[in-house]
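A short worksheet on the structure shown next.
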Amino acid sequence: MTHNIAILGASGYTGAELIRLIAGHSSMQIKALGANSKAGQRLADVFPHLRHLDLPDLVLIEDIDFADIDLCFCALPHKTSQEVIAKLPKALKIVDLSADFRLRDPEEYAKWYGNKHAALEQQEEAVYGLTEFYREEIAKARLVAGTGCNAATGQFALRPLIEKGVIDLDEIIMDLKCAVSGAGRSLKENLLHAELSEGYHAYSIGGTHRHLGEFDQEFSAIAGRPVKVQFTPHLVPANRGILATIYVKGDAQVIHETLKNAYESEPFIVVLPQGEAPSTRHIRGSNFCHIGVVADRIEGRAIVIAALDNLTKGSSGQALQNANLMLGLDETDGLMAVPLFP
Amino acid sequence: MTHNIAILGASGYTGAELIRLIAGHSSMQIKALGANSKAGQRLADVFPHLRHLDLPDLVLIEDIDFADIDLCFCALPHKTSQEVIAKLPKALKIVDLSADFRLRDPEEYAKWYGNKHAALEQQEEAVYGLTEFYREEIAKARLVAGTGCNAATGQFALRPLIEKGVIDLDEIIMDLKCAVSGAGRSLKENLLHAELSEGYHAYSIGGTHRHLGEFDQEFSAIAGRPVKVQFTPHLVPANRGILATIYVKGDAQVIHETLKNAYESEPFIVVLPQGEAPSTRHIRGSNFCHIGVVADRIEGRAIVIAALDNLTKGSSGQALQNANLMLGLDETDGLMAVPLFP
Amino acid sequence: MTHNIAILGASGYTGAELIRLIAGHSSMQIKALGANSKAGQRLADVFPHLRHLDLPDLVLIEDIDFADIDLCFCALPHKTSQEVIAKLPKALKIVDLSADFRLRDPEEYAKWYGNKHAALEQQEEAVYGLTEFYREEIAKARLVAGTGCNAATGQFALRPLIEKGVIDLDEIIMDLKCAVSGAGRSLKENLLHAELSEGYHAYSIGGTHRHLGEFDQEFSAIAGRPVKVQFTPHLVPANRGILATIYVKGDAQVIHETLKNAYESEPFIVVLPQGEAPSTRHIRGSNFCHIGVVADRIEGRAIVIAALDNLTKGSSGQALQNANLMLGLDETDGLMAVPLFP
Amino acid sequence: MTHNIAILGASGYTGAELIRLIAGHSSMQIKALGANSKAGQRLADVFPHLRHLDLPDLVLIEDIDFADIDLCFCALPHKTSQEVIAKLPKALKIVDLSADFRLRDPEEYAKWYGNKHAALEQQEEAVYGLTEFYREEIAKARLVAGTGCNAATGQFALRPLIEKGVIDLDEIIMDLKCAVSGAGRSLKENLLHAELSEGYHAYSIGGTHRHLGEFDQEFSAIAGRPVKVQFTPHLVPANRGILATIYVKGDAQVIHETLKNAYESEPFIVVLPQGEAPSTRHIRGSNFCHIGVVADRIEGRAIVIAALDNLTKGSSGQALQNANLMLGLDETDGLMAVPLFP
C-alpha cells in the first residue's frame, strides 16, 4: 500500500532532505511539492541533486489538492507555518517542522517568537515530536510538532538524567557547535561562504536562543519543578551537524548507565562506551544520534556529549520517523542509511 | 537468497564506502573484513560512522575462510592487490578496485606503475570494469578490474564522442578537479587539513598521471588508432567529487545529441539539457554521473563537463554495480541513494 | 609627507582589503570612507577585524569633502562606479577597481556589460591598470582602471608569450579556478556556505565571462591581430585565490625562458623553476603572483599555470601598487607582507 | 642596528610563522634556520609561500654558529626542545615555543608530560612568556618559555577576574574550539583533510589536556590557593584560531569593567563593548586577542569569550613580542599586521 505525501516548503533544505529520505522509503510516494516563492519551477532547477527523481513540479500551496494526500510535511518558516496549517483540511495528518507548535503555552510562544499565535486550535492538539519520548502520543496524533534541532540534541543527552535525578538540575551548561544548514537557505550576509568559512563564533549568547523555550518546557515538566539551563550555540564552518558539549554535576558512571539503560532498545540513539566521545562526522547524513559520557578530573562532574545531523535526526529524519508512526509503518523505514564519511 | 561477501582492505576509504553501500543492499551480507594493518580491531574503532552495523571484526587476510564467500571485493593498494589476488581461490569471483588489472598490456602496466606485474595469469582473464561499456563481459567475468576514478570520469564524457567520430581526436584537453579522498587515507604531508584546505593546485602535470594509461588503452581501442589526450588533475579542498572540464573540437549540438543517445537508458548517467553544466555537490555520495555540454564562443569548439563522486561511481559504487552483474542481480541494487546536499 | 586617501565602497571585500593594506603603508592616511548602504555605521561594526584601527566612520559619498584628498580608491560595483566618478572633482587622482574603465572601446563595453557607458569623458583618459605592463602611463595618469582579477591572472601568464610570438595564438585555453571572494559580499543563494562548500562547478562557460573583453582587447593589441582565447572559470570552495591553468602550443623551455626574462626584475611576479607549479595557498593574502611552466607529454604543448590572490594582486593590492606609482612613491610600499600559510 | 636571529625548528608551522612575522620586522635579520629532518633543503621547497625571501637554507642545528646570533627562537617539539636548549651557549638569549619550560615545578612537568625534565638548570631561570603579565621579567630574561596557545587564550580571559576576585574560583568551565594548525605539521590520521573537514569533536576531555598544567600553576599563584578549572578543547575544521567560551559565576558588568581596566593600555588585547562577542575570523593571522563578556539569563552568571590566532598571538607572535622586549625594542615591531578577512 502506498501512502501519498505532500511537502510544503519544498525549496528549503529541510524540504530537500525530506525528499531525499522519502526516495528511499518503501511505501511513500510524493504527490505534491509546495513552494510559494519558487512555484512553477521544476525541482531539478531548484535542487539539481534531485534531478533523477520523477517528481511533480513545485506549485503554490493553494493549488494543491489535499483530497488524495495521506500525510503532509510542513517545512515552512515559523509564523508562515501556523498560517498555512490553520487553513489545511482538519483531518489531514501533518508533521510540522517549524517552531510553531512546539510550545504548549501560548504565552511562552509569544515571549520567544515575538508574535501572538495565529492557530491556537491546532496548537492545542499538537503533539511534541521528540519521537523517543512521545512515541505513543505521536502514533495517535493528527498534528506533530517537530522538535528544534538544538533542542533535540540537548534533550537526547539530558532527559533520562533529569528524569532519574542523577544530575544537579541547577548546574547544567550546554555549549553547542552547530553547522550552517541549520540556519536554512536564507540570504544573510553572515551565511555567505566568505564570511563563515575559516572562522567560528558564538551567537544568541546568554540565554536568548529560542530553543530555550523548548528546554524550559520539557525539562521542567520532567523534573516537576522549574529547570533553567545555560545554553550557548556556536556557528562552525561545516554544513551538517550539531555537537552538544554538556557540563553537568553528577557521577559519570551513573550518568552513563542511566543513558545506556534509557536507550538500549532505541534504533537511532547510540550510547558510546564510557569515556568515548562522538563526532559530527560519524553521523553525517544519517538519523543516528551518538552520545558519550566522560568523567571530569574534578570529582562529581561529568561531560555529556551528543552529536546528530541537524537536517536528519534534528529535523527531516525525525519528521519521517514521526510520519512512519502516524501511518502505522515501521518506524525506521527510509531512515537506515549509513552516515556519509568522509 | 543471500550472497556472502568479503572485503579486503576494509580500513581504507573505498572499503568503508563498500560497507556503507552494501548496508543498503537487499541481498548481500558481509561475512569477512580483511585489513592487515588494523587486523584485530573492531570496525567501530576504525570507522565510528559504521558502529551501528552488526559486522565482523577486522582480520588478517590469510585468516579468512573463502569457502563460504560468493564474491570478494579487493580494496587494497595497487601492487599489494595483485599479490593478494594471485593467492585467492581460483574460482572466487573478485572485484578489484586497485589499478592492478586495468591495463591489458603488461608493458604498459610496467611503464606506468614502475614494477613488473606479479599476477599475469589473473591479469589475462580480468575484464575492465567500466560497467556501462563492458556490461556483458562483466556479467560473465570472474575477475573485474575497477576503472580509476579519474579515468571513469573522462571516459563517461568522451567514449561515445570518440566512437561516433564527432570530435577531433588529436585535440582533447581534460582539466580535472579532484577531491582529496581520491588520495586515500595515507599519511602524507600534502593531505593534511592545514596544507590542503583554502588552496588548490595542479599535480601530475604534463601527462604523468597513471590514469593516462587507461585513457590511452581505451580511447585508442575505440578509435582504432592511437589517441593521446592531455590530462591535468588538480587537488581541490573538498572530500568527494571529480569535475572533468574537457575541451574538444566539434559541434556542441552534435556532441550533446551523441551523449544523450548513448546514455538514454542508463540508470546512473544523466546528460543535462544542452548549455547546462554539472556540479560535484549534486552527485555527492551517490552513484550518479552528470554530464553537460556547452558550445564555446569560438565556432567548432565545445566544453564537455562531467561530475561524479570518486568514492562511489568512481570506485566503490562502480564496484558494487559490477558485483551485482556478476551475481545476476539487479544492477542498481544498493545504489539508488540520493546525493547528499547540502 | 602624508598622502590623504579616500575609499569609496568601503563596506565590500575590496574596500576592506584596501584598508588592511594601507594600514601597513608608510605614508598614506585614510581620511574618508564612503559606503552608501552602510553610511553612518562604524567600521568596526561592518568589519570587526579592522576594529583596532583609528579610522573615520562610514559616510555617504556625497558628504565627503574631496578638497583634502590626494587620491581616491573607488571600490564600487561596476555601473555605479562610472556614475560616481563622473561627478568627482576633475583633478582628483582616482584608482577605480570596477570594470567600468577597463575597455577602451565603448561598443565593447556595451557588448559585455549590457549598458551604455555613462562617463565617456573619463573613460577616454583612463589608463589600464595592469601595473607591470603600463607602469609609465600609470605614473602619469589621473584615472587608472584596475584590471579584473581573472584578467590579471591570465595576462601575467600570457602577455610575454604573445608578445614574443612563442605560442600558437589560435590555440589558447584558459581553465580558471576562482575562490568565492571574487564574487563580492553580495547576497546570492549560490554564495551561501551551504551551497558552495564541499562542491565545485564551472560558470560563465563557453566564452560569456566579461573578463574576456579585457583579454580580447589586450591580447589583440599585443599581437597586432585579433586573438580570441577560450576561458572557463570555476568556483572552488575557498575564500581567496585564482589558479589559471593555461594550455598552449609551443616549446615549454622557450616559454619558460620568455617568462623568466620578462619578469626578472619584477618585485611581485615570481617565475618558478621549470617543471614546478604554483598553488594558491602559497600567495594567499599577498601581492605575489607565482607562475609555473610544465611541458606536456605531447610534443609541442605546454601548460602554464599562474596563481594570485584575487583580493590582493587581483584587485586591492594591484590598486595600491598603482596608487604608489601615481603618487611618486615606492611601488612596493604596503605590499610586501608575506603570504599567510597555513 | 640589526639583530641577528636563529630559528630552530624552521620546517614546522610555528617556525614558518616566525619567518613570516620577522620578514616585516624593522631590525631583525634571520641568519640561521635549523630543521634537522629537512636539513639541506631550501626554504622555498619546504614552504613555497616564503620563496621570495632571501634566506639561508635549512641546516642541522649542530652546524649553526651561534657566535653571531643575538637571539634564538626554538620552535621544536617539546622534549626535543629541552635537549637542544641544554646544549646551546649559556649566554644566548632564547625564546622557546615548546612546552618544556612553562611549568616551574619539575614534578608537575613530569606529571603532565610523562618524562623527567632533562634541563633543570635552564628550567630554573626560565620566565613564563605571557607577555602582558610578565613584561618586566621577560625584558630581563635570558630564556623565555612561550605560553601554550590554549593556555594563553584562557589566561587572557580569566587572569584579571581571578586577581580581582570577581568570579567564583570553583566554578570555571572553559569550552575551547581550536583550529587544526595547533596540532602542528605532524602526520596523524586524524589531521588529514578527509578526516577533519566537515566535522568536529571534543578531545582530551575531562581534564587531561596538558595545558591544564599551566592553568593550575598560574591561576593558583594569582589566587593564592589551589584553583582547578574544567577545560574541554574541540577540534574544528579551520586552520587558525582558538575560541574560548568560558562559563563563570559573577556579575557580567563587573567582569566587563575588570577586563576593560586590565587591558586598557595593551596594544593587542581588545575588550569588546559589553554584550558583544568575538569571532576567530576577525583576528586571523594577527597578534590581536578579542575578548567579549555577555550576561546569562540566569542571574549571577556570565559568559566570557576570547579569540586569538593560535599561530600568532598563541605562539609565534607572542614569541616575537617577547623577543622585542628581550632586545629592548618596541614591543609591537613586526606585529601590527591587520587580520586577514575574508
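Letters A, B, C and D mark the chains in the order given here, with residues in each chain numbered from 1 onward.
Convention: contacts are C-beta pairs under 8 Å (C-beta built on N, C-alpha and C of every residue); 3 or more make two chains touch, one makes a residue touch a chain.
Computed from a predicted model, the values in this text were never measured in an experiment.
A comparison of the C-D and A-C interfaces places the larger number of contacting C-beta pairs at C-D.
The most distant chain from subunit D, with centres taken as the mean of CA atoms, is B. If you average the CA atoms of subunit A and of subunit C, the two centres end up 45 Å from each other. Look at where the CA atoms of subunit C average out and do the same for subunit D: the two points lie 36 Å apart.
Residues of subunit C in contact with two or more other chains: 13, 181, 194-195, 197-198, 237-240, 278-279, 281-282, 284, 342.
Residues of subunit C touching subunit A in their complex: 13, 180-181, 185, 187-189, 191-198, 237-239. Contacts from subunit B toward subunit C in the complex involve residues 173, 175, 177, 194-195, 197-203, 205-208, 212, 228, 230, 232, 234, 236-241, 243, 245, 247, 277-282, 284, 294-298, 301, 303, 305, 307, 342. Contact residues on subunit A toward subunit B in their complex (touch as defined above): 13, 16, 19-20, 23-24, 47-53, 181, 198, 239-240, 270, 272, 278-279, 281-286, 288, 290, 336-342.
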